Structure formats: C-alpha cells, structure tokens
Amino acid sequence: MELEHANRAISAAIVQARQMDIRISVAVCDDGGHPVAFARMDGAGWAASYGAVGKATASAATGSPSGRIPPDLHVMQRINELAGDRMIFSQGAVPIVVNGKRVGAIGAGGGTAEQDEACAAAGAAAIMDPPGT
Amino acid sequence: MELEHANRAISAAIVQARQMDIRISVAVCDDGGHPVAFARMDGAGWAASYGAVGKATASAATGSPSGRIPPDLHVMQRINELAGDRMIFSQGAVPIVVNGKRVGAIGAGGGTAEQDEACAAAGAAAIMDPPGT
Amino acid sequence: MELEHANRAISAAIVQARQMDIRISVAVCDDGGHPVAFARMDGAGWAASYGAVGKATASAATGSPSGRIPPDLHVMQRINELAGDRMIFSQGAVPIVVNGKRVGAIGAGGGTAEQDEACAAAGAAAIMDPPGT
Amino acid sequence: MELEHANRAISAAIVQARQMDIRISVAVCDDGGHPVAFARMDGAGWAASYGAVGKATASAATGSPSGRIPPDLHVMQRINELAGDRMIFSQGAVPIVVNGKRVGAIGAGGGTAEQDEACAAAGAAAIMDPPGT
C-alpha cells in the first residue's frame, strides 16, 4: 500500500461523505493491518476515529468487508485478542485490491454502518482495479 | 469548557435534583472526554459517581445524549475499549453546546435514568445557547 | 465528607495554585476513596486530572500523604489492583481530618510534586481541625 | 485542530524526513489526544506507526515535547494507564500552538529519536505561530 494511493483513497472517501452531508474519519491500513494513512474531517466526533481504524484492521485481517460476519466469528475474536486487540468486526471497511493483489483495507466511521461502508467503498474504488479488468 | 461554566452547570443540575428530592452525582467533561468538574451531593451513594462520569464521557464521545442507544452499540463498545474504557452508554448525560460549538458533556447518576437525564439537561441548559438563538 | 467541605477545600487549593502561578486539577474523595468533588482550572492539562484523582484515592486508602512511600509498597500495589486499580502512589495528596475523624483525602496534579502537595495541603487546611485543637 | 492544518503539518514533516533521507510515520492528534491525521511514508517500517501515534498522544497529554522526561515519570505512566494506555514518553513529538492556543501535537517515528523530533518540529512549525508573533 503506497502512501500516495492511501491518500487518494481517503480523499475519495471524504468526497463521498461530503455528498452524503456527513462527517467521518477514514483509515487506510496495509495488508498486515498496520496504519498507512488516516484523516478525521472537521466536525467529526473523535470516537469514530477509533472505529474507522478498527474496522480497517478487521477488513485487512479477513480480506473481506468488515461487515460480513465471518462464520467463525468467535475464532476471529480470539485471533483479534492474540493479534493485539485492534479489530472491530462491523460494517464500514472494505479490502483494497490493486493490480490483482490485496494491498490493505480502508475503513470509515462517523455515519451509519451503511454510510460508512459506502464511503470506504468509494475510497477503495478510487485506486482499485476497475471492475472487469 | 471553562471551569466557571462547568461549575454553573453542576449547580443547576443539583438545584434540579433537589426539586425532584433525589441525591445525585454530576460530572462535566470537555469535548475530548476528559474531566473538568464533578460534585456528589450529600447522601448520594458513591457508586453512582462512576456512573455520572462514565455517562458524561460517552456523551462527549458521541455528541449525543448517552441514553440514545447508537444503532451500532457494539461498535461503540469496542471503540470504548480502544479509547480507554471509561464510557457508559446509558441515559443520564447530554452534550453541552456553547456559542454554537460543542464543548463537552454533563452526566448525572443516582436517580432513575429519566431523572438523571433531566438533571443533566437542566445543568446543560444553564450554560448553553438559549433555544432559537 | 460533605460536598460543601469538599468544595471549600478545592477552592482553597486553587487559591494556592494561583499564588504559585500554576494551573492544577484538584480532587477530593471520601474515606472510601470514592469521588466527592473535582475541578480542573482553565489552562491545566487534562492528563493531570487523572493524577489528582489517583493520588487522592491513594491517600484515602492509606490514610497518609500519597507521597509517603509505604514500607510495603508492593503490597499496596497489589491491594490497588484488587481494589480497582485507581490509586497513584506519588506526592500530591493528603488525608483530610475533620473533628478528629478521617473523612477522606484531597489530591492535586499539574504542578511539580512539591507544588501539588502544597496545594492539596492548603485545601485540606481550609476545612481541617486547626493544629493544636 | 483542523484537518487542513494537520495535513499541512504532516507534509512538512515528510519534507524534512526526505531531506534527512529517512522514512518515517507522522501522526497529528487534537488537544484531547485523539487522532486527526496520520501518514506513513513508503518504505517506513510499520512498527514505528504506533510510535508516532503514541508520542503525539503523550505530547498532547503533557503539553510538552514527548522527549522531555517529566520529573514524575512514574506518575505519568500511571496516568497513561488510567487514561487509556495510548501514550509513549519518548523523544519525537511536540505540541502544536495556533493563534496562541494549544490545539494538539505532532509525533514522528522511524528515525532516531533526534531525527523524529526534528521532523515533528518541522511539521509543527509549518502551522504554528511564527516565533516572536
């Protein structure tokens, strides 16, 4: 996950949030679940900052949207505990695939679960392979 | 959140509690969720002290009354764990807005959930912008 | 510990802090170590709020100034863990005795250790039995 | 702490890091110690991301450079535990003052302690009041 890509994804997520008239935090992490870039919009509550990061980490850990409940949720929760207790399994983050390779994930917090995921998806779309490529 | 404002809010909450003939604890925190002022009325149980503080912190974190259950309650509970584990998501605290800016929150404990919120709201009203300003 | 007493002690501690030209937080707890009153002066850092409370709790737990290292410090640290992990064993808080009875403690944070204790002592003196009574 | 300011500070810190030929992470938090913006340069190790954030949080908590060891370090470490356990007391972060008001802090990680602080200071300088204003 290059910083330039991460920042572009965050900008696109913020554009989406503005269109929805909401204030969000957006976090991008690499494939290892570690932070690459983050931004909290003016007026967004600070609590959701932790949510955005936690959901992005969960998505990077599973390679799935953070809102897709894994069939083995209790196993993932134990994995989370053993891996540093930084994941949040809740809608609002999606994986990022570039050139056919999973490079990380982007998560949003501050809106409803659906709004958060829409913003994250808009961010990912700004740097991901176009569908059908 | 200035101390003089916080103390004025606490006094107003206590006046409200006396009118209801209850004994409460009242806590005011700043917008970051950190303590600014606190008072426990004579005769109020000590346990509710922690409730007043925890509800004020939760309200500062979400910018909403602490009794408005967020649709994503489990996310907020995870955020709470990641942000220091000091919030209580339960009725009894409200945000404080001064000059159009959210500056913190006030929470009460010791009465029923409704009484606590009424006291907190009376405290906030003493320093907040008058409605319709 | 009556609230009126606690507030008077806090006011006296703040007067002392102003004379020293420092900004502090001050906490008063009852004999059970539970919060009674608290105030953070404008301009005082938020971190020291937790310090003032923790030192007051430690002083109430031991009945000694929080800066007097107990001979059995490791025992007190274990006791602290078992009793809720809210004490800080460091200079800045003193017990409060009224009418010959220990009623709680007052702690300060935000200055040096010596300044904090001087403010706490000034607060306690405002409501304690005069020496030699 | 506005996002636009935070991003400008991060950009300036990265310019400084490039001049030193090092790869760093940079974090900006608000005055309450909550995340506002973050960036990890390409090639910077992921571990230092947590360092940048932790040092920025510590600096926001104390209002001092995170490398200025407080005389009461063990007190600050206890405060840290009570306030969420997210601070790192080590050189590499400095407070940010805008229009005479402390608005947060910026921290860097990935270089030596001195390099990290130089990058953080360059970031802060980009948005702070010019000296002597």
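For clarity, chains are labelled A, B, C and D in written order, and residue numbers in each chain start from 1.
Keep this in mind: contacts are C-beta pairs under 8 Å (C-beta built on N, C-alpha and C of every residue); 3 or more make two chains touch, one makes a residue touch a chain.
Given the structure is predicted, the values throughout are model-derived calculations rather than measurements.
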Margin query: A-B versus B-C: which interface comes out with more C-beta contact pairs?
Written below: B-C
Check: How many Å are there between the centre of subunit B and the centre of subunit C, using C-alpha atoms for each centre?
Finding: 24
Margin query: Measuring centre to centre with CA averages, how many angstrom lie between subunit A and subunit B?
Written below: 31
Check: Which residues does subunit B have that touch at least 2 chains other than itself?
Finding: 30-34, 83
Notebook entry, point to check: Should the pattern of chain-chain touching be classed as line, ring, star, complete or other?
Noted result: other
Notebook entry, point to check: Using the touch rule from the top of the page, what pairs of chains touch, sorted by label?
Noted result: A-B, A-D, B-C, B-D, C-D
Item checked: For the subunit D and subunit B complex, residues of the former touching the latter -> 30-34, 83-86
Next item on the list: In the complex, go through subunit D and note every residue touching subunit C.
Entry: 31-33, 61-63, 71-72, 74-76, 78-79, 81-83
Next item on the list: Sort out for me which residues of subunit A touch subunit D in the complex.
Entry: 2-4, 6-7, 25, 30, 32, 34-42, 46, 49-50, 53
Check: Can you list the residues on subunit C that touch subunit D in the complex?
Finding: 45-48, 50-51, 53-55, 85-86, 88, 90-91, 109, 112-113
